[in-house]
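As written, the chain order gives the labels A, B, C and D, with residue 1 at the start of each chain.
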Amino acid sequence: MYGTGLLKGLGVTFKEMFKPKVTTKYPDEPFEFPNRVRGIQKLYPDKCIVCNQCAIICPTQCITLKGKPHPDPEKKGKVLEYFDINFEICILCDFCTEVCPTEAIVMTTNFELATYSRDALNKDMQWLDANDTNVRELNLPWRQTSSSS
Amino acid sequence: MRDWLYEPLSAERFGWMVLSILILLGVLLFLVTYAIYVQRKLLGWMQSRVGPNRVGPYGLLQTIADVLKLLTKESFVPTHADRPLYLLAPIVAFAPAFVVFAVIPLTDRIAFTDIGIGLLFYIGVASLSTLGVIMGGWASNNKWSLIGAMRAAAMMISYEIPLVLAALGVVMLAGSINLVDIVEAQRGVWNVVPQFVGFVIFLIAALAELNRTPFDLTEAESELIAGYQVEYSGFRFAIFMLGEYVYLFAMGALIAILYFGGWLPPHPALDFIPGIVWLVVKTLFFAYLPFWLQATFPRVRIDQLMTFSWKVLMPLALVNIAFTSLVKTIAGGVS
Amino acid sequence: MPEVYVNSLLFIAVFVVVALGLPIVAFGLSRLLRPHHFYREKGETYESGTEPFGTSWVRFKVKYYMFALLFVLFDVETLFLYPWAVVFDRLGLFAVIEMFVFLFLLALGLLYAWRKKVLEWN
Amino acid sequence: MIRTEEMLLNVGPQHPSTHGVFRVIVKIDGETIVEATPVIGYLHRGTEKLAEDLTYTQIIPYTDRMDYLSAMIGNYALVHAVETLMGLEIPERAEYLRVIAMELNRIASHLVWFGTYLLDIGALTPFLYAFREREKILRLFAELSGARLTYSYMRIGGVKWDVPDDGWLGRVRRFIDDFKGALEEFHTLVTGNEIVQARLKGVGKYDQETAIAYGLTGVNLRSTGVAYDVRKAKPYSIYDRFDFEVPVRTEGDLWARYLLRMAELEQSRRIVEQAVAQFPSGGEIMAKLPKLIRPPAGEVYTSVESPRGELGVYILSEGKPQPYRIHFRRPSFVNLQLLPKLLVGENIANMIAILGSIDIVLGEVDA
């Protein structure tokens, strides 16, 4: 009969009133992401060997880094002088952590980046080092599950 | 209070009446505030959400916060608008919605006026608020609001007549246009039973008059952005909204009175509950009903709306009148 | 005139005054409270985020023009029905039949408009 | 007749129903549209040009942002083209993961369309129901790929992550089972609604010849009776292993397109169901690849069926790590071309409904 569709629709919305709600209480309760979620990177400056792979693979060129000779003259290699990620253009694509041979840069599931100024989004080495909560456990999936490389 | 009207007025009684009118206004403002809250809560619940819950316990102060925000919000007249009309429009949209409460009796004892043509007064005055919408839409000099205003006019001319014709059935049963008499005539059985067709027509037409989903064409968020309200901000916008919601309650009260026995309880055994409670309960039900529809239905198109009104509701209403008069003539044994 | 009409009209007037007063008082109040920072761009009307071209006060095509004419006709006719509806059972069968003729004419008018395709949007 | 004036009206870029920053300048006479001129390019980022300076892997995040509602399929379109050019053999497990991800993404994308479309024609609630269901898919994607919208999940030669070992497939299975109920709810709430039917039936019609002449693909083409679906016409990945239908209707109106997309939800659901059932228990997720991906010189064009139609990728390679030229055949862009023709003679409400039924994603239109 004409109009039954309307009434059935009313039934659907009416029943919905008594079903559990799906709203999350986000600012009051932190939103729990699955462990694989790509959030703001965590940097271990000591592990970095300044191979520049992360800066090269980055599709948006948001990473700028520079190495300096190791302060301890006994040791070879370089250490980081500075390491900046510009979160204005970083798209959190996970490529930098993927290519890092020493897992010096890893993802965390932190995602809150809002600031009052654009400049504040340019994060330096110290800030990235201090970002050490919710660090992702597994960062290099291919190497764990694949024998190809 | 109703019997005061039949005696010469003393200054004291006049004062009491004015005071009660102001109280009515206060009650209405309160109801509107919480109607918006209820609307948002209901919509939320029906959409798997929780609705407003941040301001005050359970979000109870949300609308109050909104009103305060609107009160302190900058509001200006667009440069190319028709200034006097633009400023006048919210008032014209609001005033009739409140004035119609003058003829709505709250119980058989409490009424602000007692005029023989209550129903006609209501219908005549209430349709004025469309004028405010048209004025606002046109005066804004905004193309969206112009289209919204034109749609408002289109809806008014299509739904006014079914509304009036549907109410005619009730008038025939009661033999009076006085709203108190109409309610008293429902002592035996509520009008919704003998006048079910009329009730459905009236309800549909009322929704269209109120610009409520599925007939919210004048605002049509997804088409006309906000239709006639596009250029209104701050308290001018608030008054438009207020008018809309006050009208919602006026219409709810009218439906309760015309079809659901006004202040009469469903069964005489429930007489101990005061009549005004029954009226308020029924009014609230019909004022909240549109929110449920809003959560469910999409919007109709303007041409569908007009053809539906003229080709379905109009003939149906005419048949309803003919049928009612026939039944009443035969049942009444008119010579 | 009986007292009730004088009093009723008086109170309707009070209603009108209150209904006009509330928005005016509210506007006045909000005028005192709200900020005033007007500049030219704010005064432009909203047209989906671009500068509006032209005015909206054109000779807008009102497609439901014929509906409007019909509306005037029918609205007046329905008003005639009201006094009849109030008293028809006291006037007897003749009034009912008479009104049936009237209703029939009304329906005929609607049918005519229908067949003449006035009730089509396009 | 009374002389009336026409009026120019901007619909967009700031309009709730243009699905992004899309603008149509319409000339209206009353509410009737006399002429419509779409203006696109507000979201143009020059993806194709940028890609010429990027390695193939680096282009993957850019494909996420073209059709952001079905990033998995965008990812796949690119890696599929590169893999075809290189002649790579993809491990079976990776193919299954890709198909599950793509079909879930098709469901998610169609859900967004469903919700926003109903919002366009004025119904508020289906939007939230659709997003409630989509949220479950996004959660699954976040668990699988680490992102909710821009997945960058596919890699040339395989996929980035294996299945999470905490019962992810079981959750997909459960979602797929629950989704049947959700679909039924949608049909009760919306499809059966007489107002929806009145709004959609017979509006925005075009015939088969027009659709083919304008190069429409996807649902926009299938609504006119052409059973063209890239998954069936030129099978890629492992779609030949699944039993699914290509829903076709012949009316060519909004209602046909609505029903087709609803039917596709069901078909995608079936594909995921089968893929989860057939999922191989072990195996690699990446093919053996050199460290630097350097496809041989040559050109390739491959296409996949995105939720919006045929998403084609053309690559001209000179044997370098970067493509010499890459072109994306974006279905939204192609489908949009019919819009000015469709809009003439309609009113504003229909305009919104027609625009919604073409189902464009502005990220893809403007690329």
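We take it that a contact is a pair of C-beta atoms (placed from the backbone, for glycine too) under 8 Å apart; a residue touches a chain by one contact, two chains touch by 3 or more.
Everything quoted here is computed from the prediction, not taken from an experiment.
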item: Chain at the geometric heart of the assembly (C-alpha centres); value: D
item: Selected interface, A-B versus B-C, where C-beta contact pairs are more numerous; value: B-C
item: Chain centre separation in whole Å, for chain C relative to chain B (CA means); value: 13
item: Approximate Å spacing (C-alpha centroids) for the pair chain A, chain B; value: 53
item: Whole-Å separation of chain centres (CA-atom averages), chain A against chain D; value: 26
item: Centre-of-Cα separation between chain D and chain C, whole angstrom; value: 47
item: Of all residues in chain D, the ones touching two or more other chains; value: 7, 9, 15, 30-31, 125, 129, 132, 189, 193, 195
item: Multi-chain contact sites of chain B, meaning residues that touch two or more partners; value: 46-49, 143-144, 150, 225, 295-297, 302-303
item: Set of chain A residues in contact with two or more other chains; value: 6, 9, 12-13, 16, 22
item: Chain D residues touching chain A - in the complex, by the definition given at the top; value: 54-55, 57-62, 125, 129, 132, 135, 139, 142-147, 150, 152, 158, 160-162, 164, 185, 188-190, 192-195, 197, 284-289, 291
item: Residues on chain B engaged by chain D in the complex (per definition of touch); value: 43, 46-49, 143-144, 147, 150, 213-214, 216-217, 220-225, 294-304
item: In the complex with chain B, residue positions of chain D that touch it; value: 7, 9, 15-17, 30-31, 118-125, 128-129, 132, 189, 193, 195-196, 198-199, 347-350, 352
item: Chain A partner contacts - residues on chain B that touch it in the complex; value: 42, 44-50, 292-293, 295-297
item: Residues of chain D defined as touching chain C within the complex; value: 2-15, 23, 29-32
